[in-house]
């Protein structure tokens, strides 16, 4: 579990729930039809924004917002530098079967082993990165649909409640509670959009940006191995992507 | 029919309709002048944003949001690889009359048969893609006009209702129902924009992005056939666009 | 007159006016000071966003939203192909005085007659296109100012009305009508922005995009004449910009 | 003074003030603490968005929105063509000390006199343009802060007023006037943002765009002088930036 | 301390606090549960938008908005010109150990000493700049999350308060104060977003833009030293980035 997602999600719900409890208990804040119109309505409207496979895949993508990003840039750089040494000493063929920290790295290394030249290597790996970005964007567009549609559904629900209340004001005592219920969908819409899906969206976009940088660094490293650059030179170029402190640590090593 | 569009559209209307029924029936939510000002007003204002042929064409474009995307990338790649083998063995002329899965592919192949070189092929096909994007954008701008204008029309309708109600408050009992009717247009505007047209817009934009990728892959394939690349090489390059699982499946085949 | 602009503008006003009439006549919806603050205030604030000549020119630009786009791409392509034949047979000088469908085309053709090479031709015509885009953008920015400022003026007007009403609540019967009048400016702002100027803006942007494509096609055609390409080849390249149906029609011809 | 800015600013305030006077005099619309929280609060919050020198410089930049753009493109083109003749006849050194209409032009001409080649000339002048754009953007960001923050300050002021009013509702007669005062800050915020600063921002952005085009034309002209192009050719290229009517006038001259 | 940040922050709070005090003291504006839901809720929701290390790092980044930008462009240019003289006279090795005003400059100089050619130098330093921009963007995205989420949390808090109040309207005297408390969270959200975090965000974005320009100037200078350009020429190129007044001052020196 990614600690920030977990603590963040629980914490923000605790703050909201706490305010409810302090004010008079959770009971006044639950209403089944209101939940249905906001959650259900947004679910179906979001489904309608995209082909079904993408809609289904988006839930898997969202769950990744709760997993920590496991790929470490420094570990990958170290391994790349080792591979550069091996390739320089024993040729590209010696890279066959070497352990690498992820599949994209492995695919690129295999291209080198298969004799791909620099142009082909870069072109094919960049194509992979572009396709990955497009896939991630498709999933994130579904999350964005939740963020955009939930407040609209909340507003529609509140308008339904208001129309009903205004058309039937014989009992003045009923007005307050009816309006309270009407406002619940707006509240649900704001919570669903801002406390659940908007942070997931930002987190996934951040993860994609990180993954793109990570993969571009792999392409940079493999390109230089293909060119026969010195391991030292490759390390210098790759660590330019790291924050100053990590650079210093790696240079010291 | 695209299952996600159908289920999504019906489902979100069911949620909204269900909330109405549970609250007191559908009757209080229908009002002919309110429907006219929102649907009719938005219809005419949207017509006014664009030349008439584009406005009319936009309805056809919208209907595509309910059709599934039928073009399969893997089928097209397989066919491209077969054509590459044929072209390598028997020359470009042998491509004449070959079956291909869509018209854009056919047009590109015909250019090869007619002896177009790589530059001309790429230039002309990219021009086609650019023109297609522009055409789609024009249609999508009409959908966007519905999304933008419907809430505005709803608000104008509500203001008309409020002005009428406020100018005539002699009968206190009439105020509630009059205000209920005034709010209907805001509700219609929110539904028309968010439940009908916004998802259509997102879906059409997604379809266009898919079609552009699909066509760029065709250009990539044909360009490499023109260059005389090996079928194996062409497949390697093209499948970089597919998700990892589909790549593995195609490589195994 | 462009039929879509005319019908659209009249139709949307008919819908709004109809809702007013059905509700109780047009009279409650007119108030001279409210008109002045919204229309007059927006007029002056929009004037202030730009130098005077641009402000004055913007009205001419807006009137173009009511004229149909008269330039036909297929007619221009046919003429270009004919000119290519003439230039190939009799040299560039033979283009002198030939009829062409518009001034930009004429200017480009004259450059060819005057012996401009491909580079000079393309550079100068692209400069023209860029300058045209900038001029159009300047005009459209004034339209955008109307769209942005009218609702703000409407809100300011409503706040003025509310402040006056709230400061003087001795006569409870006067509150309703006073608030009705206060809301009028918000309604005017919404109508001016969404029913009048927003559609004009979208339409003008569409016209500019069309004109840019049209001129880029002329540059493409003339560039190829300068290169001495075959008329057939020039037609092939130019019709890639047309929708599939028109392409088929022109190829059949 | 730029006539459009002056008339526009006075005109829009006259409309707003007129509506106030017609409704009951200006007195109800002034409240010192409300002015302080909106104008003062926005002033300090805007100061906080940027380093102090930029904040101070932004007032000078804003005052330029009231000055007309004095640089005339046609005058500059004519001078450039004359200089091209001189440079062709008597060499670059003859440009020394020639009168030119502005400092940027002078700087570029001096570079030619000092023997700069085309590459150095273009690189250095483009660097100047880029730095100017950045400086202008910094100033405009302060104006944008006023536009964004004033309505927020207005809303905060209104909320303060509402909280005070709601906490003290013993005297029903005081509620109306208290709420009237509370709304004043929202009104001030809307006026400050939309009637004062938003038009200034648009105008300054337009001026910057004009200045950039103007300077790019100078770079184009000087580059061609460095290349030794004919004065006629230079004029042809430069006037492509002018509107058709001005082009015709200059060509006739 | 950056004087503008300090005065700006204190000044805008003074304006808001002043309006509160004038209206009736600060007491009605404090409510612990309201503070918790806005500050606490936004804190946790913002944490959830990003991995924990970035969330923690963002506080350090925010504190920089209160520090003045210390790097002076003119000092750096002067030093660069001196180094260019040294390098020209005594070779790159003579740059070893020279004092330079910042770490990025030092890293670039060390690359020259280590014998990096122009391409490697530029590539590696640009990589550093790109990575810095990405790191800054990550931090600024957390600030942006505060700006976006605080008003949403404020609105959720107000809705909670309204629902509680509306469900319990037996005592008419309690309605006003209950609503006053409900509005507090909206007010807190507006203050947190607009008075605290929005200006910090703008300031940090400005600092990043300044730092990028500063570093690009260093790359420009070092690149020209690597090419062996004359110190005079290097100064000419670098000062093109300065405002006209500072240019004149440096040229006079």
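Order of writing sets the chain letters: A, B, C, D and E. Residues in each chain are counted from 1.
As a working rule, a contact is a pair of C-beta atoms (placed from the backbone, for glycine too) under 8 Å apart; a residue touches a chain by one contact, two chains touch by 3 or more.
All values derive from a computational prediction rather than experimental measurement.
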Touching chain B and chain E alike: which chains?
A
Could you tell me the least number of steps, going only between chains that touch, from chain B to chain D?
2
Could you grab the centroid distance between chain A and chain C? Build each centroid from C-alpha atoms only and quote it in angstrom.
40
Starting from the mean Cα coordinates of chain A and chain E, work out the distance between those two points in Å.
25
Using the touch rule from the top of the page, what residues of chain D touch 2 or more other chains?
none
Which stretch or stretches of chain C touch chain B in the complex?
2-5, 7-12, 14-16, 18-20, 22-24, 28-29, 68-69, 176-177, 179-180, 183-184, 186-187, 190-191, 193-195, 198-199, 202-203, 206, 209, 213, 233, 236-237, 240-244
In their shared complex, chain B is touched by residues of chain A numbered 33-34, 36-37, 40-41, 43-52, 54-55, 103, 120, 123-125, 127-128, 130-131, 134-135, 138, 141, 145, 148-149, 152-153, 155-157, 159-169
